[in-house]
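Each of the next two complexes has subunit A plus one other chain: subunit B in the first, subunit C in the second.
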Partner chain A sequence: MTAGPTGTATLEPLPPPEADTGAAARLGPRRWVRENLFSSPLDSVLTVIFGLLLAYVVYRGLRFALVSGRWEIIRVNLTNFAIGRFPREQVPRLWAAIFVAAAGIGLGSGMAASAGPTSRPVDTLRRLAPLAVLIVVLLSLARTPTPALLTLCGVAVLVGAHFLGRRLPARLARRVHWVYLGTVLAIFVVLTQFGGVAWNAWGGLLLTLFLAVAGIALSFPIGVLLALGRRSSFPAVRVVCVGYIELIRGVPLITLLFMAGFALGFFLPVGVPRPGLVTRALVAFVAFTAAYVAEIVRGGLQGVSSGQVEAAQAIGLSPVKTTRLIVLPQALRNVIPALVGQFISLFKDTSLVAFLAVLEILSVAQLVTQQDDFRGQSLQAEALVFVSFVYWTFCYAMSRASQRLERRLAVGER
Partner chain B sequence: MTDATINADATTVGGTGEPIIVCENVDKLFGDFQALEDINLRVGKQEVVVVIGPSGSGKSTLIRCINRLEKHDRGRIVVDGVEMSDDVRHITEIRREVGMVFQQFNLFPHMTVLENITLGPRQVRRWNKRKAEETAMQQLERVQIPEQAAKYPGQLSGGQQQRVAIARALAMQPKVMLFDEPTSALDPEMIKEVLDVMQELAESGMTMIVVTHEMGFARSVADRVVFMADGQIVEVGTPEHFFTSPEEDRTKLFLSQIL
Partner chain C sequence: MSAEQAAPSYRRQTRPPPWRDVRVLRVAGQALFLVLIAWALWFLFTTLLTNLRALSLPTSFDYLEQPTRVDIRDTDFNPSQPVKDALAVGLLNTVRVAAVGIVIATVLGTVIGIARLSRNWLVRRAAALYVELLRNVPVLVIIIFLYTAVMLRLPPISEALEIAGLVVFSNRGLNVPWGDGVGNVGAFTVALLVVAALAIAVARWRTRRSDATGEPSHGFLYGLGVLVAGVVVAYFALGQPVAFTAPVLDNRRVTGGIGLGPEYAALLFGLVLYTASHIAEIVRGSILAVPKGQTEAASAVGLTSWQRMRYVILPQSLRIAVPPLANQYLNLTKNSSLAVFIGYFDLTRITQQAIANGNPAPQAILVLMGCYLALSLTIALFSNMANRRLALKGSR
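For the complex of A and B:
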């Protein structure tokens, strides 16, 4: 149900991590090894075979990363990978946006931490590890120290804002979503307004992130509304929602993208200005993902017992409040893994805009191997491994965040 | 108790003698199946009516019609002077005055005990947080679990959950409380704590309609007992009348099976 048509499978909800670490500590390393890896002859044989295989893979991987890989192509094109054709003289806006993001995230997390259960710094670091690794790798590839210095400043802003957020009165913590919303708005203003760069001219990782974030932020509410509309007591609303969902789910994403990219002119009335390619692609992603979100949320809605609705009605809550305060929170909590899986799919599927000649990070990887300096040198492996690594860090971070959210919301569940 | 309850039938009124719930010729159909047939019942202010009867006889359906969890098909239902109709304002007004306790508790699992109880007063009665929480704590004292306020329902025993559910209904300051088999989902050792709370509530003068199989409760707390079978009210009487000299054969048969 949640797999995209491009074959990008959803991540299954993994069991919460750090479940087994206790066992090793209690048994002692030697006994643990004996009992888990060499408990029978067959076990031992398998351990040796897979151990060798693993060692070989790790060896080849490390060799490629540290010795044989020719990473010059990444080094030279780092800015291309990051922002594509984003005008270079406008790059200071990007750094400003990063500072705004750092301030917003720091402030928001600080406010949330002052209200909610405090997590140990170790846990926070572990959670941020994949993104931290990505940033370190990117900075180590940079040719000047400027990005590293600016990043350090960004980290300082983040930490400073975090501790400021902790000091704010606790009652403000309920308003933390306004901080995040404001941050997003501020980033958009900084990047696009007052002589900035419209997103149709963005590229690289910046564009990938934009498509993913905007796609998620828009498709989620639309999907929820579609799921609710599907259960509406008005037949007309029901028919429209079911029709939309079934129509979209019967069409491959790439078809929607092509339609948005090349055939939109047939659907728009004459005289309406034609939106840019990135906007068109975003519309296709949102239209597509919303239908899948709707189906996932529908499953969650079905899982909320009728007794919950009756109890809310018996208190006198209106239907809207019953849905908003009782049904939706429970339904959404139950489908977090599937929803995040869908959003991870969306994140990876943004690479399909390459077919519209929009330069997101994967298309950059394709193009740089054709540059004069690198043509004919078979550097596809380096470019693709690098891009895969970037994708992986974000997807892994999303998956970890979803597990954490699940655990936090599961408080008090039986 | 007034004279009315002694020779009680379904249309006389107990309690203070002033009716607060009136059902007249109420029918309820599920498709072709008639779940309620020509129900006539008046409940007086401060009266405690216990409804008994075999499974499937329409007891739940009857009390669910009183707060519109089910829509009756024919007849009249009037609660505290407000006639039940399709008008949303009437429904809301009635639900405000009628609290309900379910067999399965139906607490909101994603909210703490305190949030469960303050939800109605804040959202429906529009009280501020402080007033709602003060009232909620009073109700928790009343059901004797104030120390559980910050917990989630899943962390409580069944008996505690049902007492929270009672507190949640009471926090709306209803004029009538409906109980649908409130102890049927409980382990035996927890039944008493819930019945004690209900008895205390009855003694405080709350108007109550209680569907239950706890005959001890019916005997000691009820002003009137209503016996239902096949969607009809078969017999109504005081507990003494009911448990010593029932008139109808079906009542006798039912009592012989459960006593």
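For the complex of A and C:
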């Protein structure tokens, strides 16, 4: 800063303001309290009010969880919450499926860790904390030690597979998506094939997870096609795709479930067997989610610069190859966080199938309060809080994962 | 394509045969696509007709004129009235919960969103706790919880809770103060609209005056003054057309005020609590999205912190916030269909009852979807209008 235009005396430059984050770490506890809780009279009043409010909420919450809540209803019905009417003699298949899942996830994460940037073990543990809490709570509610022992074995499988995955040559590590795909298929085979249980007989948390995973997996290809159709140069295709997307996005999911539950039979020719309720619900979810996935993917497609397409055309790629090799990979990479968000919302929306008398976890919660042992005791709060807790841990873990993905993907941007 | 037009004329003579001509193929391909879609729709339609006839159900929309045979609680609706009247009642109930819910959720969400940016650590944490707790639980679980575990477990009417003589809680719902029209309500409504228009005009005039002369505008204060004065004058000039009463508990009956049934209250607050957590995130995100340089520049030209917020930050963040906010309003309206789970008589619930009473399901559901589509389009229309008003001049 040299002589000012008005010729007044030159001022010494002020020191740069302290960075907020750095200063906060160095504040002593007394200064921290004064700056963050009592910086002005209004601030102090707010602190007192919110302090009392929070203390009350925490007190009531803890009292309910530890003292006044009658959790016997959850303890007795834990299996119902987990799997609904899934035949009890088939439960070993579930454990087998859990082991397969543990092996697949461990192997995949190990391979990904060896191929990509590694995260510190502390961060990984913190990320998994909500799910770990859920598992510990569930196991503590169980009445026999068997589930806990089997879970320990599962964790051992997971860790073992993880380190195996790290050892695999880098050439294989690039094929990590095949591992995940294979895991999903293997779980499916273990549960349903060779004398297994068809998904119309599944229930509880198992069904909730199945509807969410199958819903997003099946709606993804349809959504991508709809998004491409919406940006197609063929007006006829465009009109049909836009019509479908806007129609679906304009109506509530429950109306589609109505359609699937009450009216699907009317649209099938006589003689065609009527699908089971779970299948119908799945059809409604896929039809619904595809429209939302299409809009997300469209956002990604719009983010791919036209220079990419022009370059692809310049080296002589056909339109199909341009889309498949140049446009889609870039577009899809950018929309992964949004797709996770859509998956979370689908996961929460699975609660709506309670309407079709399908026994997912929320309808289990409503039914158990009417059992002979628990009827008329006003145990709805306990059942619903438990279900909320299950939903919450999954959604919270996934939303944290999506935020992390977002930050990670943004690193390579521009 | 433009290159083709500019090409030398000899190319026209060597035009490829139709089965290899891109222009022909494009049209043919699209025609084929449309034919396939039309065939699929036609197939579904004829199957539907066959199935309906086989079950001797009506194939037209005449059922809308048939008696409903649905008893709608807490209304003077007569079960012998036609289905379309019942749907009108349902539409009104849907709008009642959605409109009130949108207003409350916006206020609550904005407050929480700003609280998340508070300098006070405790306020910030409390707001974050609210958002993270409510956002990650299905709205249906919240609604059912509020209905079965809160509303229905309030004390019976004989032991109803009264708060400050304004609100009465019981398991029959909430009673809150309300104004009942006793005089010329129509004239009063017109007067209110005129007063509101006048207030806006005065505020605009103050802004123009301020722009022209540089004196402080105080447009908001002037407008508010005109509004309050106008409302008071109109209220007394028209002979107090609206009587305000607070609910009074009187031997197992509540008189005065307006009663919100437990279903309505549970649905409304469930939607509000859930949507507010999403709106809070939008508000926070849109305020954070305004570049920091704007705040610094505003401070540099000497604006107070209120002026900085009012004239620099909020107008810019509003522009960012409007599309996602409209999306949340749409979601809230669509989620109001969850009323069907707790027995509030909205559109969906009435459609469900109509189907249960033997009305043809496909038509009834199509009508239901049409109603929601119309509601969604209305909200989208308003959001587009707001968007256009707020858009930067010259952009698009």
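Simple rule for what comes next: the second predicted complex is superposed on the first by the 352 of 414 C-alpha atoms of A that agree within 3 Å, B and C clash if a C-alpha of one lies under 4 Å from a C-alpha of the other, contacts with A are read in each partner's own complex, and residues count from 1 in each chain.
One rule holds for everything that comes next: a contact is a pair of C-beta atoms (placed from the backbone, for glycine too) under 8 Å apart; a residue touches a chain by one contact, two chains touch by 3 or more.
Source: prediction; values computed, not measured.
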item	value
Partner chain in contact with A:326 - subunit B first, subunit C second, else both or neither	first
Subunit B versus subunit C, judged by how many residues of subunit A each one touches	C
Partner chain in contact with A:68 - subunit B first, subunit C second, else both or neither	neither
Touching partner for A:310 - first (subunit B), second (subunit C), both, neither	first
Subunit B versus subunit C as contact partner of A:262, first or second or both or neither	second
Partner chain(s) touched by A:378 [first = subunit B, second = subunit C, both, neither]	second
Shared subunit A surface residues [contacts with subunit B and with subunit C]	none
Interface residues, subunit C side, partner subunit A - complex	26, 29-31, 33-34, 37, 44, 47-48, 50-52, 54, 118-123, 125-126, 129, 132-133, 135-142, 144-145, 148-149, 153, 334-335, 337-338, 340-341, 348, 351-352, 355, 361-362, 365, 368-369, 372-373, 376-377
Subunit A partner contacts - residues on subunit B that touch it in the complex	67-69, 92, 95-96, 98-100, 102, 104, 106-110, 112, 119-120, 123-124, 151-155, 165, 168-169, 172
Of subunit A, residues touching subunit C in the complex	36-37, 39, 43, 46-47, 50-51, 53-54, 234-237, 240, 247, 249-255, 258-259, 262-263, 265-270, 344, 348-349, 351-352, 354-355, 362, 366, 378, 380-381, 384-385, 387-388, 391-392, 395-396, 399
Parts of subunit A lying in touch with subunit B, wherever the complex brings them together	305, 307-308, 310-318, 321, 325-326, 329-330, 333, 409, 411-414
